[in-house]
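There are two complexes below, and they share chain A, which is joined by chain B in the first and by chain C in the second.
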Partner chain A sequence: MSSASTSRIAWASVTPALLWTLVFFVVPFVAMGVMSLHPKAGEGASLAAYAQFFTNPSYWHALINSLEVTLIVTVISVLLAYPFAWILAFMVPERWQRLALMLAVLPFWTSYVVRSYSWLLVLAEKGVVNSTLVNLGLLSEPIQIANTRTATVIGFVHFFVMLLTLTIYANLKQLSPNYRKAATDLGASGFQTFIHVILPLTLPGIMVGAFLTFVLAIGDYITPQILGGNNELLMPQLIMMQIGRRGDFASASALSLILMAVVTLAYLACARWLKIERA
Partner chain B sequence: MTNRLTRRLFGASVAALALIGSYAAASAADLNALVWCDHSDPNLLKPFEDATGIKVNVKEFEGTGAGLAIVDQSQPGDWDVMVIDTVDVRRGVDRGLFEPLPEDKLPMADIFPEVLMNQHAVVDGKRYGVTEKFGYNTIGFNKSKVDAADMDTLGVLTNDKYKGRIAIYDYYLPVMGLAAMAIGKKTSELTEADLPAIKEVLQKMKANAKAVTDVVASQTALATGEADILIGGGEWVTAGIAKENPDLDFSIPKEGAVLWSQSLAMFKDSKNKDNALKFIQYVMSPEGQARLATSSCYWGMPANKQATLTADQKKILRFDEQADFLKRAQEYPAPSEDLDKKMQDLWTAMIQGQ
Partner chain C sequence: MTRALAIVYALLLYGFIFLPVAVLVLFSFQGTLFPIPPFNGPSLRWYAAVLGDARLTAGLGNSVVVALLSSAVATLLGFLSAWGFARFHLPASAFLRGLITLPLTVSYLIIGMGLLIFFNWIGLPKSLVAAGIGHVVINLPLCFAIIYSQMGDHQANIERAARDLGASEAKVLLLITAPIMWPALFASFFLSMTFSWDEFVISFLLTRFETTLPVEIWNLLRAGLNPKTNAVGAMVFGVSIILAIVFELTAFRKRPQ
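And then the complex of A and B:
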């Protein structure tokens, strides 16, 4: 086959993906950029929508809140998911692994909104958690969990532990058992094998899962809105607030692009770090 | 082979065109309504559809901004009617969206005069919106958990006695209206100069609150006992669940409450103006009003005094007390665009604890 026809086939193969990206990413992205620069109809371009973010503490605090919550969720999810994935990959008998994986992804089968409202009821003052703790004598009276940042984190972690478990599990299963055998032959303890051999080899899987968690959590509106009780605002909530009554698409677009810039920075950091690890 | 394939393709194309044609014919008789959730109740729509053969296609939205954005993204003629805050009717008129409504074909004489809000719904002598439902953003509460006498004053907004037992309805205009009334200001006369004093009330209110809740969460908070008081609540939260939770009630404090009111408007570019008018007439009829007032999404007072509500429903809505309530109620704040933005920013600051 000539190089020209190979090139044509290659272009034909990537064209649908390019068109998809153009129509559903580039065009909306440019539209948002244009909208963000026109806060008032009939007036010229201005950076006012961006300026308000940097000059209004309530606005940039929303970004700080988002980063804090997302980082907490990502770290807790990784810490919980790794041992879970490890147990699934190495301790659960092969024939039960499929069932265990299915059980692990069960929460994905329910509606996101329904799941969040369920957590709200579970974490409420008269909910299962408080009632149990009070009945066990661990609390003298119910404490406020629902409508707090803790509730938001719990809701997120419940969802993302499953996602991370899947990515880390896939990574662990790809590892040849020979790595562990070789480390043991060379006198490494189980802990040393994990720290010096397994963990570095599974870091790409962890990073991909952590990045996915970060991206999905920082842009999520439902969970903080339902579980956080609006006791603080995260970026997606602030963005939605601009649209609800006032239909202020310039502010909403500017805030969305700022959020997107943060995600891009996180991606670049993640990609650079992974590159260094592999080098 | 090729001929057979061609024939099949032709046949399929004809069938598809016939389907499209029948859809288009069906669409012409349909009514496309941009509505709030209370209009999606089959109990409201079905009698109209059965009686007229007009299918009502509804799309729900929350907030005037979101609704107008949907219209901006649509083709002229896509929508026939819209539900809108009465104070925002003029926003639609200024954009050239609405058609004047024929007052002589609507039960204007039966509508509570206080909720017509002609200053917002009538422009240049023409009516562009007709109030269909109203109520109050006031104090909703569980009477078995609080001292009902405390609910008769807006002092409850900042009363430490109920610290940690209060939820605040997450909508800045009515709640800031209540805060303004609590310090003796009129909601219709708010200016930027009033914002620092309102901010103080909001901060105290937030310090005592457990959560700032949207519509569903507000109802959940009161129903589950997560909160005993809902600032900004009213019959729209308590009435619909009154049978299951008879202790839920609302008060109109001595300082008054904020009157909310929603209107129906017809689009200027509607292709089904006759059907649109029929729908508006149905919703404004005594039967339509009773069904709308007791919609499964949320209850509210029917604008038409002749609404065929049952005695129980009237009791829950406190129908017979409306004359007194309306006397004390103040208008929903309708700030200029700049003031609106500043009020929203103040609300944001309150939530962020700043």
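And then the complex of A and C:
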């Protein structure tokens, strides 16, 4: 086979995927950038859509809210998932581990929208949590959880505990058991082994999982919209509101790009811990 | 002591993980109008209501078609490009591979927004086709990454042997590479199906009259808490679990080498 025909075949095989990415991902992205600079049709470029973000407090508060919620979610999820992954990896008998993991993932096979709705059922004013607590006499009257930040956080934590349990479990299983044996032989208590040996070794994996949590949570529209409601807006809700109610594509584009910039900054800030391995 | 603590902790977490789905399924059998305690049932009236709802059944059909077609396109493009990058030395290969996987780092909302503006601009109306294109955008990087990671050297040798025996390049791909890569292709296709099936925000932005099931479910939510939503959710859950079991039994089973 001549090298000319080899290279023709090579390009023919990769071009469709490259073209698809170029036309339906890169070009739309550029279109969004152009759109964000043209708030009024027929007029010249302006930074008005960006200026609006920095001058209107209800706009940048959405970003602050998003960052706060995402950080709270990430921290709680890691703290809940780590011991769970530990138990699954080291305390559950080997042959039951796969089943235990599958069981932990099972509820997430329903659709994402439905899962958020399910939490609404649980947390509603007359929902399962409130009626149980009232019936037990622990509450005199129902408390409001649905349509608050707490509900958004619970919905997110539910999803990310599962995700982080999987990542941290995979990490713990990769460690050679010799580390734990050596630490024990040298007289370390279980807790000391954890703090000085296992935790540092699993930190890179935790960072990758935490970063993934951050990226997925900060861009999600469904959970805050269904569970948090409109009392307090997060960035994705604000973006959707720009298109839905106001048809303001310039503003929606500008806000999307700002959100992307924040994610990119977060990535750069922790890039040195994030060695995402490629197979 | 530690052991007891661990068992309690694991049970609490399983409880937390299962609580919403248990409530969802339980109250899908509610006999009365609201999916809140006390439970009056079991009754199948809401399942009947779902099956009798033309919008939901149409949404279900649309979701299946969009998922099948977009996953087929994503898997095909992912396979061809993975093969091209694995077998040939292309200039700027690392950069181009990075380009294909780039959409993985961007949230669905932003991908959908870009496509909405772009389609507006070129005059492509909101439709299932538009949503399908968006689903290929999110799934192609995944398919590419999965298949590319499975392209090994021993397969290249078998391909070379076929070529030496006179097979055309198309024949090699179709009769040699694709069958060897079958588990990776299946995994890609299946994962794409799952993501497309569950995808909401892109479909929400890019469809109008005809739409997918997650968007129809979203429209149901406007009516507030409703056992009908529970019934749809429970049905989606059931179907997904069956698919997951099928996947578990076929793709992950160790096959003879």
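In the analysis below, the second predicted complex is superposed on the first by the 246 of 279 C-alpha atoms of A that agree within 3 Å, B and C clash if a C-alpha of one lies under 4 Å from a C-alpha of the other, contacts with A are read in each partner's own complex, and residues count from 1 in each chain.
To be clear about the criterion, a residue touches a chain if its C-beta (ideal position, glycine included) is under 8 Å from a C-beta of that chain, and two chains touch if they have at least 3 such contacts.
In this text the structure is predicted, and so the values were computed from the model without any measurement.
J.: Which partner does A:Tyr59 reach: the first (chain B), the second (chain C), both, or neither?
T.: Touch status of A:Tyr59: first partner only.
J.: With both complexes superposed on chain A, which partner does A:Leu199 reach: first (chain B), second (chain C), both or neither?
T.: In the superposition, A:Leu199 contacts neither chain B nor chain C.
J.: Contacts for A:Leu47 in the overlay, against chain B (first) and chain C (second): which applies, first, second, both or neither?
T.: Touch partners of A:Leu47: none, neither chain B nor chain C.
J.: Output check: A:Leu268 vs chain B and chain C. Expected answer is one of first, second, both, neither. What do you get?
T.: Neither partner.
J.: Determine, under the contact definition given at the top, whether A:Ala10 touches first (chain B), second (chain C), both, or neither.
T.: A:Ala10 contacts chain C only, not chain B.
J.: For A:Ile226 in the superposed arrangement: first (chain B), second (chain C), both or neither?
T.: Touch status of A:Ile226: both partners.
J.: Which of the two, chain B or chain C, is in touch with more residues of chain A?
T.: After superposition, C is the partner touching more of chain A.
J.: If you stack the two complexes on chain A, which partner ends up touching A:Ala182: first (chain B), second (chain C), both, or neither?
T.: Once the two structures are laid over each other on A, A:Ala182 reaches no partner at all.
J.: Under the stated touch criterion, which partner chain does A:Met260 make contact with: chain B (first), chain C (second), both, or neither?
T.: Once the two structures are laid over each other on A, A:Met260 reaches chain C alone.
J.: Identify the partner contact of A:Asp248: answer first if only chain B is touched, second if only chain C is, both if each is, neither if none is.
T.: A:Asp248 sits against chain B, while chain C stays out of touch.
J.: Indicate the residue numbers of chain A shared between its chain B interface and its chain C interface, in ascending order.
T.: 117, 120-121, 124, 126, 226, 243, 249
J.: Residues of chain B touching chain A in their complex?
T.: Contact set of chain B toward chain A: 62-66, 68-69, 164, 170-171, 173, 210-214, 216-217, 220, 224-226, 337, 340-341, 344-345, 348-349, 351-354.
J.: Under the stated contact criterion, what part of chain A meets chain C in this complex?
T.: Listed in rising order, the residues of chain A that touch chain C are 1, 6-7, 9-14, 16-18, 20-22, 24-29, 31-32, 35, 80, 83-84, 87-88, 91, 102-104, 106-107, 109-115, 117-122, 124, 126-128, 131-132, 158, 161-162, 190, 215-216, 218-222, 226, 236, 239-240, 243, 249, 252-253, 256, 259-260, 263, 267, 278-279.
J.: Over in the complex, which chain C residues touch chain A? Could you list them?
T.: 2-3, 6, 9-10, 13-14, 16-21, 23-24, 27, 34-37, 77-78, 80-81, 83-85, 87-88, 90, 96, 99-100, 102-103, 105-111, 113-118, 120-121, 133-134, 136-137, 140, 144, 148-149, 163, 169, 197-198, 200-201, 205, 213-214, 217-218, 221, 225, 229-230, 232-234, 236-237, 240-241, 244, 248
J.: Within the complex, which stretch of chain A touches chain B?
T.: Per the touch definition, chain A meets chain B at residues 56-59, 61-62, 65, 117, 120-121, 124-126, 144, 146-147, 225-226, 229-233, 238, 241, 243-249.
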